[in-house]
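Each of the next two complexes has chain A plus one more chain, namely chain B in the first and chain C in the second.
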Partner chain A sequence: MSTVESRPTAPARPAAEPARAPGRPPKEFDRPRFLKLFMGVFFLFLFAPIVLVVLFSFNSSRSLQDFQGFSTRWYETFFESESLRESLVASLEIALVTMVIGTILGTMLAYGLVRARTRVSSSLNVLMLVPLVTPEIVAGASALLLFTQVKLELSLTTIILAHITFSISYVTVVVRARLVSLSHEVEEASMDLGATRWQTFRLVTLPALWPAVVAAGLLVFALSFDDFVLSFFTTGESPQPLPVRIWTQIRFGVRPTINAIGTFMLVISVVSIGLALLLPRLFGRRESGLKVLLGREAA
Partner chain B sequence: MSADTVRAHSAEPSASAIRFEGVTKRFGELRAVDALDLEIEKGEFFSLLGPSGCGKTTTLRMVAGFEQPTEGHIYLDGEPVETVPPYRRNVNTVFQSYALFEHLDVADNVAFGLKRKKVSSDEIRTRVAEALELVELHGREKARPRELSGGMKQRVALARALVNRPSVLLLDEPLGALDLKLRKQMQVELKGIQREVGITFLYVTHDQEEALAMSDRIAVMEHGLVKQCSSPEDIYEHPSGPFVAGFIGTSNLLSGVVENGCVKLASGATCVAEVPSDCPQGAEVHLSVRPEKIWLDELEEGMVEVGGTIVERVYVGTTTQVIVELGPGMRVTALEQNVARARSDDRWQIGDRVRLGWHREHARVLR
Partner chain C sequence: MNENRFASGFLVPPGVWLLLLFVVPLVLVLALSFGYTDDLGEAIYSTRLDNYERLVDPDYLPVLFRSVGFALAAVVLCLLIGYPVAYYIAIFGGRWKNVLIALVVLPFFVNYLIRTYAWIAMLGDDGLVNGLFDSSIRFLNTPYAVIGGLVYGFMAFMILPIYASLDRMDPALIEAGKDLYGGPWQTFLHVTLPHTMQGVLAGSLLVFLPAVGDFVSASLLGGPEEVMVGNLIQQQFQASDNWPFGAALTVAMMAFLMIFMLFYLRAAARETREATA
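And then the complex of A and B:
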């Protein structure tokens, strides 16, 4: 999963002031020191494996234990392999299409859920969260079942369909949070000033939602790009997305090329998340996508 | 900006700006607006006044087109507007929350309506500049709404609406979010702007002082019904019923019954009063007297007199409120001006017996 998913939840400060030792003057900022240690260990466990993968992707030998010198040979093997290149392109294609369609549909759903004001929308709100909590293996198996039932041949299309299904929920959650904070009066003001419903959406609502939409889209890109379980169930013979291809290769023994591919995927994920955080700023917004994703809205 | 440049262009000179004909709005069981008949003249500063939930905002939203009447018709400049969507009605709204577009600067906020109407960019520039001049915001064109104070945002919202030269400007408690001092100042400015541009203002407020200060006419509403619709003076001096008398300003409402053309108060005192013809002998009524109309002790010839005991004195700067008990549970508030010659504090102590009096035309008998 992406780095945003596993964002640090380290406790910032103790909830209550620690009990004062007798005979000692009260210290207002006497925070328990072990929490810092706790945080350090947390980050070590979080990042050490990733650092190792990156490091060993530049190893000159085949060994996965000893680092014997810098080399880019595993990257060369990666890019020289036609099937891996093909898989990379397939994965990018899946992620891109999923991002575009998922973001559009998710934004539309969020808009409908917030603005429709019907009795259905509260139950729809719950339904929408189901894909987020469904075990991916169940989602994958049921998607496979569905595609075989309707005799849809497994291919990139089926993967994309499956990915869009789960990505809509992510987009909706992120965009809806933003939409709720947008006063309905702003949209009324726009219509009051002569803008039709569609113009209002385009000129007022969407610009206000933009940071959330961009953040959600890039999040979906990252999620789709490195998704394995769902892709595994819904992929056709060829081309397979990169994570599935890697898994197929690992069955015949772990080779250092994996490290190179892993590092490469990491870079793509980090870049897309980075963009999600930075892009709204480049559009002249004060609030970054980080705030949007973490639900910390500027007032 | 000269008055001509923003004066509303009206289709029919004779028709009133807004006319409500039996307009009812129901939300489920609730009648938010109940069979409203009202006519608002061109160029009038008209206020809908009432407590929250009285239907005043719903009435405004029906004119703007955000709500549709359940029954009845609304006419703008003589034309029925049921089938006209909000974006094609020649009215503009100033919202309580200002509802500015945060992603646009001040100039683009004000130009928003003109751009939708495909006005040429040269004209947009002139008119935006004029509108910002009118609300004294020239020089802040490039500012973002978030950089402005509450009062400035309010002015941007006003300019954004006025620049379109609507035939009616709808204002939904536009000063509600401002602090008292700024609110007073804006009341005067708003009235001045209205006089300058000559556009009909339909103003919604729950602040009776604000309505009295600015309006040409006021409709006092309660539970979706118009209780009284008249000039500020008339509403204040001649309230039509206990609700209006109690809501506008402060009023002493003394309950009693009609007896031989007088009102016999619950305390036992009999007061001479002008009893309206629809109040028969024995009818339960309220006698309404404004605190500033009540005299203490030094009474004039021919005044209506009652006796009481002073129970409280509240010094509030320019005046002192004297609360007098006429009988068990029946209290009257009188206002004494704190002029140089006498502070009421010097004259009376709590527990003193005092004579109250008022001219009979200052007391209203309300059912």
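And then the complex of A and C:
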């Protein structure tokens, strides 16, 4: 598909063609211009809405059509509203607790799945993938039903419980990929040197897994902080997490405060994902954080 | 202690968690779908099939078909847009590969509601685009807007697996295709595409599954004519408070999606086995 698109440009400079050294790989010719243009348009569409939100969060007027001057008034509205501040704190709290518990449970599951060979582990192997492909609304509605059945009052706790359930799978996928690439001999060597299983896990395995564990934790933080559907189904009356508040506000129409909230949330998510991508480097490893996050073996 | 027993111990807490908070709730939904609401609006477990009979009601059946149709359209569009993007990054990305992939993933971490809301601001009747061109085109409350919202929302799910499979592919294969006098299209159809089919299938499923159950895009970008099954489920569990019917809708949707999930789970399990073997 590559050369077809660039062919029309060839007649425009016929002299250039024969001038190429015969042995050289035809790199430039192969790189289709059409595809380059396509990439440009793609990224334009991808980022235009986001740039718009960020830009108009600093607009001095209510308008969402013309930018009338720089101001931080929408951020002031956001931070001066006590209930929105409470929502922000609630969202951070949910994401933090989800991150800690979800990461611990997910790492345990990854370790068990890779190192234990039992019938239970092979069925868990499949079960833990199901939450990743289940539409969120199913998880939300069924969690709501469970909490109502056991008479658990809807609150931040119920949101956290629902978030942890789906975060376990994400952590497991990321951590397991790393664990698989670890050589088992190192653990055996540590045992030969007299360490117990537990000491080996704590002093050998866990430190080697650390970059993946941290990256997975930050990923879960960002996912939980941004989550709307699960929170929407399992939230109590107050305080509600930020995405639920945004939903209510959007239904009342376009409001400039939403731009400020959105931009603020964007910064928090991007910082946590940025950290997840960069941390493996800070740990002094050469592999890219992206590969760790995509759950691929660090080859 | 042998390793098997030591490692099995680690499975207990997350295993119990997933059982209690993922499997049990799904079973509850299944049970409630045979129930009914009494005169006080209380949901009662029973063994009736009324809720399933209601699914084929002319009020609801078109919604189910529409959800699948919208999701399929989103898959096709994501594929047509996402494959060239993944191809460019994997083959021509060079040392910018990681940066470009990060740029593709980045918008995905902007809250889905905010991203959808941005499209309202841009495409609304008195939005940015209509203001800019002094036009009065109706973008919102159309099927195109809802499908567009799904495409924009789930694009990253399509690009990442395709990129991963292209990245794994040996570029020498493409060269070989050309050496054997295959044209660019022939090389693509007979070499590149078959080699990346796994990524294409994974991406398609990862877009299709959440798209079928989505209600945000249809709620915010669509009108009453674009209602999807996700909206129905949400209404039953919240506004109209008919949980048994909501449960039946959820079960019907899950049963349909299960066919595709099994497909994905088998492929994923095979991949894990290969990696851990």
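What we mean here is this: the second predicted complex is superposed on the first by the 264 of 299 C-alpha atoms of A that agree within 3 Å, B and C clash if a C-alpha of one lies under 4 Å from a C-alpha of the other, contacts with A are read in each partner's own complex, and residues count from 1 in each chain.
Keep this in mind: a residue touches a chain if its C-beta (ideal position, glycine included) is under 8 Å from a C-beta of that chain, and two chains touch if they have at least 3 such contacts.
Note that the coordinates shown come from a computational prediction; the quantities given were computed from them, not determined experimentally.
Undergrad: Answer with clash or fit: chain B and chain C placed together on chain A by superposition.
TA: fit
Undergrad: Which partner does A:186 reach: the first (chain B), the second (chain C), both, or neither?
TA: In the superposed model, A:186 contacts chain B only, not chain C.
Undergrad: What is the contact status of A:236 with respect to chain B (first) and chain C (second): first, second, both, or neither?
TA: A:236 sits against neither chain B nor chain C.
Undergrad: Looking at A:168 after the superposition, I want to know if it touches chain B, chain C, both of them or none. Which is it: first, second, both, neither?
TA: It touches chain C, and chain B stays clear.
Undergrad: Does chain B (first) or chain C (second) touch A:207, or do both, or does neither?
TA: A:207 sits against chain B, while chain C stays out of touch.
Undergrad: A:40 in the overlay: touching chain B, chain C, both, or neither? Say first, second, both or neither.
TA: A:40 contacts neither chain B nor chain C.
Undergrad: Compare chain B and chain C by how many residues of chain A each one touches, and report the one with more.
TA: Ranking chain B and chain C by residues of chain A touched puts C first.
Undergrad: Once the structures are superposed on A, label A:120 by its partner contacts, choosing first (chain B), second (chain C), both or neither.
TA: Second partner only, chain C.
Undergrad: Using only C-alpha atoms, work out how near chain B sits to chain C after the chain A superposition, in angstrom.
TA: So the smallest C-alpha to C-alpha spacing between these two chains is 7 Å.
Undergrad: Overlap of the chain B and chain C footprints on chain A, residue-wise?
TA: Correct list for chain A: none, the interfaces share no residue.
Undergrad: For a test of understanding, state which residues of chain C touch chain A in their complex under the given definition.
TA: Per the stated touch rule, the residues are 1, 3-4, 6-11, 13-15, 17-18, 21-26, 28-29, 32, 81, 84-85, 87-88, 91-92, 98, 101-107, 109-115, 117-122, 124, 126-128, 131, 152, 155, 160, 164, 183-185, 188, 205-206, 209-210, 212-216, 220, 230, 233-234, 237, 243, 246-247, 250, 253-254, 257, 261, 264-265, 268-269, 272, 275-276.
Undergrad: Which stretch or stretches of chain A touch chain B in the complex?
TA: That would be residues 183, 185-186, 188-196, 199, 203-204, 207-208, 210, 285-286 of chain A.
Undergrad: Can you name the residues of chain B that touch chain A in the complex?
TA: Touching chain A: residues 64-66, 85-88, 91-93, 95-97, 99-103, 112-113, 116-117, 146, 160-161, 164 of chain B.
Undergrad: Quick one: which bits of chain A touch chain C in the complex? Just the residue numbers, please.
TA: 1-4, 31, 35-36, 38-39, 42-43, 45-50, 52-53, 56, 64-66, 105-106, 108-109, 111-118, 120-121, 124-131, 133-139, 141-146, 149, 161-162, 164-165, 168, 172, 176-177, 180, 197-198, 201, 222, 226, 228-229, 233, 243, 246-247, 250, 254, 258, 261-262, 265-266, 269-270, 273, 277, 288, 290, 294, 296-297
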